[in-house]
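I have placed the structure first, in the form of structure tokens, so that the comments after it can refer back to it.
Chains: A, B, C and D, in written order; residue numbering restarts at 1 for each.
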Amino acid sequence: MDNKNSNLQAEIVRMSGVNPRKCMRCGKCSATCPAYDEMEYHPHQFVYMVENGELEPLMKSKSIYKCLTCFACVDRCPRGVEPAKLVEAVRLAVIRQQGKNHLKPEDIPPIVDEDLPQQAIVTAFRKYAK
Amino acid sequence: MQVNEYKPLIVAFCCNWCSYAGADLAGNNRLSYPDNVKIIRVPCSCRVNPMFVLRAFQRGADGVILCGCHPGDCHYTSGNYYTRRRMALLFSMLDYLGIERERTRVEWCSAAEGAKFAQTMNEFTEAVAALGENKRLEDLRCKE
Amino acid sequence: MQRIGVFVCWCGTNIAGTVDVKRVAEALKNEPGVVYSDNYQYMCSQAGQDMIKNAIHEYKLTGVVVCSCSPRMHETTFRKTAAAAGLNPYMVEIANIREQCSWVHKDMEAGTEKAIILGRAAIAKLNLNTPLTAGETPVTKRALVIGGGIAGIQTALDIADAGFKVDIVEKKPTIGGKMAQLDKTFPTLDCAACILTPKMVDVGQHENIRIFSYSEVTDVKGFVGNFDVTIKRKARFVKEDVCTGCGLCMEKCPMKKVPNEFNLGLDNRTAIYIPFAQAVPKVATIDPNYCIMKKTGKCGLCSTVCTVGAIDYNQQDEIIEEKYGAIVVATGFNPISMDKFDEYAYSQSKDVVTSLEFERLMNAAGPTQGTLLRPSDGKHPHTLVFVQCVGSRCEACAEKGKEYCSKICCMYTAKHAMLVRDKYPDTEVYVFYIDVRTPGKNFDEFYRRAVEEYGVHYIKGMVGKVAPEGDKLMVQASDLLDNKQLHIAADMVILAAAIEPDESARSLATMLTASMDTNDFFTEAHPKLRPVESPTAGIYLSGACQGPKDIPDTVAQAGAAASKVIGLLVKDKLTGNPCVAESNELMCNGCSACEKVCPYGAITYVDKEFRMPDRTTRVRRVAQVNPAVCQGCGACTVACPSGAMDLKGFATSQIMAEVDAICK
Amino acid sequence: MQRITREMLTSKAISLLNDGTVSAVLGWREGEFSYDLTPSLFYTAEDIEQNFVFNDFCGANFSKYLVTKTLGIEGKILAFLKPCDTYSFNQLLTEHRIDRSKVYVVGISCDGMADISKIRAITGDGISSISCEPDGLKVQTIYDDEPKTVSYEDAMAERCICCKSKKHVCYDELIGEEGEENPDCNRFGKVAELEAMTPDERFAFWRGELSRCIRCNACRDVCPACTCEKCVFNNPNSGAENKAPATSFEEQMFHIIRAFHVAGRCTDCGECSRVCPQHIPLHLLNRKFIKDINTFYGEYQAGKEVGSRAPLVDYTTGDLEPGQVFEREGM
């Protein structure tokens, strides 16, 4: 793993607050994922790839935009790994590499439904802001 | 007597079940460490009253080290957990009073870790020697 | 003032090579209290020991310091030597000048200096030694086993066979425990009832065993060899010594809609019941929550039909007090509740069952007489999905599952899958696993047979979701090795629920002052070397109360616990360690700090009357140490704010004296 | 100025005394000076009417007195406890030092007590009398004709400025309003300041402070955590006995040992610093332990609940190692 990649890996781990080493490879995240068939890389692979620093293919893959942020994987993971947060962090990393954020924070409140979960909103913006 | 290089006086409290046995093992394997380390045997590291540590400093010890079983391995199941809290607080307090923190140490050392015991004593002695004599806690009247 | 003799050992050249032993002996001559000092080649040899004995007589020594090898080596030797010469063995101190001096230092000058200092410290300590005698306590030759499952049964039988009286306390109406509910046992597939029930009969008929079924331990006092235990025998409203277990009452009882706990609620029983045919004691019990007579006062049918007049609606709880020398905890386990795992639709479909329920569904004595039928509609299932690790190996998310591996699930799931395929070849059986763990004799072979001979589909992955759809259960799962998400229309889903200690264990541990880990499993005195003993003396552990265990392990541990108990009960008296804590009542504040840190529950508080200087009396709460229970760690001595607590043999003043001698 | 008035307390005391609820009242009596109040037992209504005092100098923590005062008396003692006193009271209950059934606790709200040395710093020496007026303390000195006015704010004791809690954690009856805990009191500010110094600076600071110690033992004698039947400093077998040390060194030992003895049990009532005739900030030692305990083992307030397990007689398997103490602080 080159140095740049390991920095990025550390950054993703930091942003997500997830420790991918806690994964025990049970696959319950992938078993529970409603968008599984849409994805090239599946939730359990996500965790594994981040842990191994295989970030390039992950960031290039459309899979990261297929995650619905339904948090089923977060809810059901027996080890508390929280794959959805990793997905979110990878998406964020892509956006940061592009060096842009399309919306200003103050523009957001008028256009969102109040009942939407906060994280879903933020995620949606990241997802569709590519 | 000839003038030797400065040798700090180190008092080591070792629990009977792990660290004292570890020190014995260091002996069995002939792993040397400075002769200024003097070991006091206690049944468990939790027998070490903070007053013993203070007393040692008062009487001129330059460093005090406590050795016990690794957390979870205490012969008495929980003794070293209490030691850990007591010494964390005591050493933090001594540091707060301006006593060099390098003079105090807790090290967990099992009966199998003779090499670790010797190495710990070497390192600790070196660290204390670098500080020089304990002037801040020594009661000079005790030196007569 | 002590009269101390100092004996410096050469240990051949082991010590004498780096330490000038003669100079050490000479230097120590001038220490306070020393009246004699000498050196010899081998102090531990017969000649060396004789030298010590002679000196004790000749110089009227009150204490002996031996500068030699580690006390871990020869402290006992020299204590015996001293005792043989009429000296209290605890008036011997060892200065370790071999392992901790001559062997680790190269320089003769430095080694000798250090040896002198170590000798000086030992002398300083010995000056403050007092003769110590080990206390003796008698042993009550009767054991109590708490829990009547296979662990308790085996322990009780082994102890009873050795000729000691044993009482079993079981909270259910019958002994037998979880094993009585099982169908077949891995890896040999012999039927659980066939191997368990003969043992139950043995227990019931053994002259040395009493069974207190439908009973609970409510209080434990005392200590090793001398426990005073209070047992509550709950009223079963049937005279146990009169009932013949004929079962006529069960036939006639009009209240037939009581969930049958023996079959885990899969069918019903009557309000008066015998849990199962081979119950021991085979005595009926009235469930007061359902009995019409108990609830309304109108019925009395069972009393009418009972030919021996065993029914007694007015029976009261009975309190028994008994003395025991040893207590064995065998409280066992339970599967965890599936409430927190509703993704598996346990609450939504009757066809999602736990493995223990599945045992009953497969059992010839179970609700379906051993024919595998779906609980919902009684139809024969064709597709069965087994899910492993439900609630086991969960991260610290303790509110959901358990952090540990439940150990038995891999094997019983292989067993279930194999049995289903054996009996019903028209079925498809899927097992979803994270890892298959099969350490044990013939275990992996067993699991491989399930795959290779019986064609069970083992899939590496987990089930994420089960959704009832019509009469099917839609199982959504991952196949990690094939990197696919699977959708299986199943007829039944069987969950390998994690196991947890019985809920009674926590309160029992408090009563026994036995320690527990964070999962409420009892802690062993040493995880490797004393696996069947609790740190609290006289308390032994048998079976799954100490950690998840299968039947072979449980029986092995039960036997081990029994042998430890027998080892205790054969003694007439227990000799304690005299180096124990002692509380100075005059200085004790009664603050309970020592009680809180004592890992053995050796400290109790009593209210005691003291005469004050002004001739009034005052009642004060003071700590008392039970020397039979105290192991002498000294945690209490430091916790005590007033310094009332001290440790014999390692007294505060003694350690201070050592510090002073070293820092001189 | 206290919102609680003397009359509120005396009428309560007299009525409880008269109806037999209590057989004695623990209150304040005037001492040598008007600002020097002495805790004292009152047995009769007359005595209360004539001699009971309540003003801004009632800083004394009554809880310790109850340890001995409840012993030789029939019936209950009425004790007026300020919020901070109730913590000490609870702690003593936890340690079984007081029989709860012998005390009738009337919680009184507190607006912060005055510190005579702060007043003296403003007015100068020679204070002959002080009266508590609504607009401030009127201080009469023997050197001035007119009394000087010192505002309550300027006179307030340091420990009251960063009061940890105005809530009573134990009472049978309450006079005045119940307050709240104040987690933002910044009572560890000075400790953090010291921690940020170099070891040499800290040593110099403490040598300066502790060398003033005259070993009068007032700190120990007033401390509600120091109720041992026999103090280790008086016990020849404890290895720490010393009553009148000759060098400054032993003062240091004395204060370390004392602070460690009360660690985990000290409620931070601040009595040690209040009574110190040499104005040594002894509470900074205790607060260091409290701060460390809070950071190492989670928030713990001694005396908040009766029966709570003090941090030093408790542990978790994941506690931090003594060696990590300093890493953690980033030092």
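What we mean here is this: a residue touches a chain if its C-beta (ideal position, glycine included) is under 8 Å from a C-beta of that chain, and two chains touch if they have at least 3 such contacts.
What you see is a predicted model, and the numbers here were worked out from it, not measured in a lab.
**Student:** Name whichever of A-C and B-D has more C-beta pairs touching across its two chains.
**Tutor:** Between A-C and B-D, contacts are more numerous in B-D.
**Student:** Starting from the mean Cα coordinates of subunit B and subunit D, work out the distance between those two points in Å.
**Tutor:** 36
**Student:** Whole-Å distance, subunit A centre to subunit C centre, using C-alpha means?
**Tutor:** 46
**Student:** What is the distance, in whole Å, between the centres of subunit A and subunit D, each centre taken as the mean of its C-alpha atoms?
**Tutor:** Averaging C-alpha atoms per chain gives centres 54 Å apart.
**Student:** Need the CA-centroid distance for the pair subunit C / subunit D, whole Å please.
**Tutor:** 46
**Student:** What are the residue numbers in subunit C that touch two or more other chains?
**Tutor:** Correct list: 597, 639, 652, 656.
**Student:** Which residues belonging to subunit B are in contact with no fewer than two other chains?
**Tutor:** Within subunit B, the residues that touch at least two other chains are 50-51, 55, 78, 82, 86.
**Student:** Hey, what residues on subunit D touch two or more of the other chains?
**Tutor:** Within subunit D, residues 232, 238-239, 312-314 contact more than one other chain.
**Student:** Who touches whom among the chains?
**Tutor:** So, checking each combination of chains, I get A-C, B-C, B-D, C-D as the touching pairs.
**Student:** Any idea which subunit B residues touch subunit D in the complex?
**Tutor:** 50-51, 54-55, 58, 71-72, 78, 81-82, 84-101, 104-106, 136-141
**Student:** Sort out for me which residues of subunit C touch subunit A in the complex.
**Tutor:** 343, 389, 393-397, 400-401, 434, 460-465, 476-480, 483, 485
**Student:** In the complex of these two chains, what residues of subunit C are touching subunit D?
**Tutor:** 586-593, 596-597, 605, 616, 618, 620-621, 639, 641-644, 652-653, 656
**Student:** If you look only at subunit A, which of its residues touch subunit C in the complex?
**Tutor:** Touching subunit C: residues 22, 24-33, 36-37, 42, 44-45, 72, 76-81 of subunit A.
**Student:** Spell out the part of subunit B that touches subunit C in their complex, as residue ranges.
**Tutor:** Residue list for subunit B touching subunit C: 9, 11, 16, 20-21, 23-28, 30-33, 35-36, 38-44, 46-52, 55-56, 59-61, 75-79, 82, 86, 118, 142.
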